[in-house]
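Chains: A, B, C, D and E, in written order; residue numbering restarts at 1 for each.
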Amino acid sequence: MAASRVSSYSLESQRVSLARGSSALISPEGVREDGRSPHECRPAFLQTGAVNAAAGSAYAEFGQTKVIVSVFGPRESKKAQAYSDIGRLNCNVSFATFAGSVRGKAGQSTEEKEYSQMLYKGLEGAVALHTFPKTTVDVFALILQSGGGDLPVVLSCASLALADAGIVMYDLVSAISLSRLDTNLLLDATLGEEINQDGSLMLACMASRNEVTQLLLTGEWSQANLSEGLKLCLDACTKLAGLMRSTLKESTSNIED
Amino acid sequence: MTEHEHAASVGEDVELEAFRRLYPLEFLEKFLKDGVRPDGRPLGRARSTLISVGSLPHAEGSAMVKLGNTTMLAGVKLEVMTPSVDFPDEGRIVVDFQMPAICSPHVRPGRQSELEPVVSEQIRNALSSSMMVDLRELNIAPGKAAWMAYLDVYCLDSDGSLLDAALLATAAALADLKLPEVAVTDDGKVLPASSDVQEHRSLKNIQSKRLKLGKIPMALTCAVHPKYILPDPTAEEEAILKTTITVLTDFSGQLFSLYKPGGEVLASTSTVQDCFALAKYRGKELQKIFNNAVIDAEADDAMVED
Amino acid sequence: MVVGLSAAERRYLTDGIAQGLRNDGRGLYDFRAFSVELAIIPQANGSARVRLGATDVITSVKAELGRPQASRPSQGRVEINIECSSTAAPQFEGRGGEDLSLELSRALYRSLLCNNGTGPAIDLSALTVIEGKLCWNLFIDGLVLSSDGNLLDVLAIAVKAALSNTGIPKVEVTSAAAAEQEADFEISDNPDDFSGFDVSHVPVIITLTKVGRTYIVDATEEEESQMSSAISIAVNSAGHVCGITKRGGAGLDPSVLLDMISVAKEVSKSLLSTVDAEIMAAESRGDDQM
Amino acid sequence: MIELLKQKKKRTNGIKHCEIGWQSKLLSNSTYYRPCESQVLRLDTTIFETSRGTRMVHDRPDGRNPNQLRPLVCARGLLHRADGSARWSQDNTIVIAAVYGPKAISGRRENPARAVLEVIWKPKMGMAGPSEREAEFILKRTLEYIVLTAMHPNTAISVIIQVVSDDGGALSCAMNAACSALVDAGIPLKGLIAAVTCAVDKDGVIYLDPINKEEKEFHGHACLVFPGKPMSSFAPAGLALDSEPIERGIVTSVTKGILSAEDYLNCLERSRAASVKIAEFARSSLEKAQRGVELVVAS
Amino acid sequence: MEDVSSRGLHFQLSDSQRNRLRKSRELLREAPGNYHPSAFVNIADPIHVENEATVLKGHGTQVLDGQLLATLSGVVERVDQLVTVKPLRCRYNAETGDVVVGRITEVGTKRWKVDINFRQDVHLMLSAVNLPGGIQRRRTVIDELNMRSLFEENDLISAEVQSVHSDGSVHLHTRSLKYGKLTNGQLVKVPPYLVKRLKQHFHNLKSCAVDMIIGCNGYIWICAAVDSLPSNPEIEKITGDSGAPEMDSCNESISLKVRENICRLANSIRVLSALGFLIYPDTIIDTFDASISKGVAIKDMLGAEFLVMIAEREASRRTKNNYML
């Protein structure tokens, strides 16, 4: 069949429409495109037990970002590893082909690999690996729809799924991202804001232990902006952790009913 | 409950679970003898079925189907292609069934599940034999441009009867698919309708539209036991009985295809006929659910347009 | 990189760090001595080799003409790709080094260019030749020849050195073409017709590795094997933080984090001046040879 | 049956020491099926009775009547390296199947209760795509029906299917080839299978063993697999009450295109009859081969 | 001349440093005790012998078309009729009786596998170690199960080569109280050809309160002196408490002063190895003393200036000896 793709029509149009000046994304009164104030998070919806076949799972929706995470195990490790008396955490993140504005390709992209690494690093410190020696816990995430702040949503959702699977953890990991547009700090940025940002900050922490498990910063930051950004993220993480806690509580009370 | 009784019931639970694991077939047969299935439904009934369309704003058409625990999410992404010389006024639909690692403990990331190509092929067959979509509907400018629809069905939760759920999601996503309004130049370049018209003199606008659908295919998988036929089996039932027959029909019960890939139990003619009958009954049931879901979505559409 | 240390060695090493004396005699915030060589790959537009202890990396910069992305018509593109050679460690053979390579490439990219490719470190608009039509794309490739810890910091120095060594040929546009057509151009083949690259904004990366309760700068592979967590902080000459990447599992108290950032800023001052001095020295050596 | 097969395995091992070139072996083990009068359900007229009444029958490109199979050839033991192999051809559709195993496997796939079957389908040219993957799945599930996997726990049996040329009905040809190859490898089976493909035109006329052109032209076609010989072990005792001859139930059914329920049931009936012929042929070719072995051993 | 680069270290020299180093190297080359340049052969170089037929063709030689050729790059050595080529750089070649420092790589049934920088990992049999308590008895199944409590993966041990077998496998033993698990110190690796076999490989540097084991395999262990620590193996021997010195719990007792000494010694060895000087206790202590007398900070010992200084020092020492002769 001689069918060949001429152009990806949606690609050009979407990208061009997203690249705008920072002025378009935040009004002088400090209102963002979607009506939020700069330090306001997107409406979040969390739910555990989204996938029945998994040992534990969670679904998270932060604005337009939608993510499912399944946890399997602890189960026998895939390949023979060197002698080790702690368990292994195996993380994998993938995008659905329709997650973005342009159709993705099957097969693991570098972005998926990087996200998988980041997910691992964010969770590693929170999971009590010594409680499942010689076995593996698999954490698999599927991003159904990418709408900005994908990684932090995956991280929070994954820690919920781990809790749902009954994996021993020191604390829940909550994560949030922040975009800097000029000197404006926009908490929990959308995709449009992320594309135009001058700097970004992603923070994952164990809120009740007051420990940062993952931190990612890009762009040039002054000390003042940096301190403020960190504080904003920490506060937001604490709030998010509260929401995650109540989600877990609800799910257990549902079972009792 | 006293503590003692509680302990006893826990003991029973453990025993039951052990029986279920050690003698799965006997466990199942005990239920079937009483005319119920382990999840509590009567022998001949399918699980509750939910269809919702338009759940993915990035996709031009999308649908989510829940069949008991089995969950499917289908999304259609459109791209512009040059039609083949043989069929200058036809577009293409490329169907792919995906089982990401999240859906089942048996799937590993990076390794294709055995079922992925099987279900993909069956959906493709069903689409082509039912002629649900006339590919000429995807035409933009004959010989120059046509829509290529990438239809990806993701299994989000795998609990048996994957083909049934996946085919339903495929059909619903195609029913939800809305071809966007575009403008076409003389040489077949396709531009978003909103783009600057002054620059290109010979622009022809093509209105946004939904596809006209022909017969809508559906599938009913039946797990076969020498004595019983279990429509819409769960993953556990599929694993225990090891034999399934999938009947592909349209909603009116008109048969397209009968699919039985091996298995431990032979299918006699009467078994086959029983499966046909079950599929016919199921077709009526599904038609209602399908129409409600799709019509609801279209009504929403109309409201937005008003 | 698996460094097998016995329990006693681990204890000795961490105790030493707690006492402020590391196994090679360094204090907590001392960098190992490093050397820079420039222009070691003649066919690249710029290249450098940096050796720090037994860590040995090569970076090269290649510039190619291309079309700018539709979303950013007035900017060139930069790609960074690091490869871990199996000469560095046997476990890098085949696909073994892929994870580390990706981690290093992405960490460098983020420090230099933010994550959407509009970095403060490299002036991307300076790469434009004709807006919307022609620009230079930079391909920065790094090769880890041998590894004894602190790869990211060394790679950052090597990238900075290679960029300072990079010359971009002058392009002469012969016909100012209309909107729709391709532009005609000529690349000057006069070897003196190069424009250099401003690297003053390119940051250095300081990785603070936390071993026990203390954190150290420029950890060797042995020391890295004992880390509980590590933070790589990119700091530019203005003293601004340009990127942070955390590695290692254990959590960090936010106040410790802020402490680490200020230590990194302090260390970066001396490191930046040493790097500049080493690059200058390497340049002068190169000139002598010519 | 199983004992017989085991004996055969021993004997084949014996024959390998006799250094018979594979060409001569090919001849000695090949059985040709010539569609003579006695073996084909031939109808005298081109008028075909269907349940919808009397219909005209299309002329078939190769001059066969609708109920006629193509000539079958089966050769076994033609690959030296494989534990068992068979070449099955239906005129221009030729498939070679090779069987390796039971051999040791390790890791996740290992099953302590039974042998693991794996099927690899190699198309005539190019890479295996999703339709080949599907064929592998169908073949695997079908062969699992006959292979007594419980006899070799913790092992793997791999079946490799190489399509040499495909002029319609490659799937059923591969089924037959794989079955013969399993016999050749001396793997314990609970019985044989026979696969038939048939096509249906718009009027409901059924054509056995269609060639490629017919598969494309006709309304729909089905590949049906039946157990090779009525055997009591196939029929669970509970179903003996059923009026139908249950032992001829379907092992596998794969259809393409549109088949109405009525067409499908007609196909079923027609292929069931044809499968008896194929099973007879397979069995006779097996027996002939066995006699050949006996001769060699005797001399 | 190139910069000096050796395993684990790279020294970038300034022009003047480079000249100084070159000069001292030339001096060293002419110093006595060195091989005559003609003694060096490269691979496939002919080796001159008086009578082809009578010589015994040893390691590193081959006969091709009636000519004796070298198969290694190195120095020709003749002992009576035997002609061998001794390679300049090679892996450690184990010989019975060598004192080595090794790292456990694997705990198997009835034996440990040990890395001693040899061609292959060598074996330490359970029957070749001292059991806790020091009693001589048959090894039981219980002992087999408790092997990891004696030595586990990555542990460093000192041991002696018990036997070298014809198939290339090597067995160690630790059946003496001086051998066993190593604690309270650090390991420095040097090329094994820089270490010569001596009468004594265990050294107690009293002035620094440091013990040093120079393994013939190029692994050198420097640790806080055992006698400065509370558990003395001599006492244990009498009481029969524990055969193998168990010192895990004693790490904290290392004072900063001792740690500095260990570091300084380790860096002395690193410098010597970078220069390709033979490593004897004398040369190590000499370098150690030099660094103190010149007031060089420990971390600066790995700098180019100190390296050149040590090279010059060695050159002048050897030439002085020459005059004295």
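Here is the rule we go by: a contact is a pair of C-beta atoms (placed from the backbone, for glycine too) under 8 Å apart; a residue touches a chain by one contact, two chains touch by 3 or more.
Please read these numbers as outputs of a predicted model, since none were measured by experiment.
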item: Neighbouring chains shared between chain A and chain D, ordered by label; value: B
item: Chain-contact steps, minimal, separating chain E from chain C; value: 1
item: Per-chain CA centroid nearest to the all-protein CA mean; value: A
item: Distance from chain B to chain A - Cα centre to Cα centre, in angstrom; value: 29
item: Centroid distance [mean C-alpha coordinates] between chain C and chain B, Å; value: 49
item: Separation of mean Cα positions, chain D and chain C [Å, integer]; value: 63
item: Multi-chain contact sites of chain E, meaning residues that touch two or more partners; value: 153
item: Sites on chain A touched by chain B in the complex; value: 1-10, 13, 50-55, 57, 64, 68-70, 72, 75, 78, 92, 94, 96-101, 103, 106, 108, 138, 140-142, 144-146
item: Residue ranges of chain C in contact with chain E within the complex; value: 4-9, 11-13, 15-16, 19, 21-27, 30, 32-33, 35, 51-54, 56, 148
item: Residues of chain A defined as touching chain C within the complex; value: 12, 15-16, 18-19, 82, 110, 113-114, 117, 121, 124-126, 194-195, 197-200, 205-206, 209-223, 226-227, 230, 234
item: For the chain B and chain D complex, residues of the former touching the latter; value: 112, 114-118, 120-122, 125, 129-130, 226-227, 245, 254-273, 276
item: Touching residues (chain side chain B, partner chain A) in the complex; value: 56-59, 62, 69, 71, 73, 75-86, 92, 96, 98, 100-105, 108-110, 145, 148, 150, 152, 154, 156-159, 182, 188-192, 194-195, 235
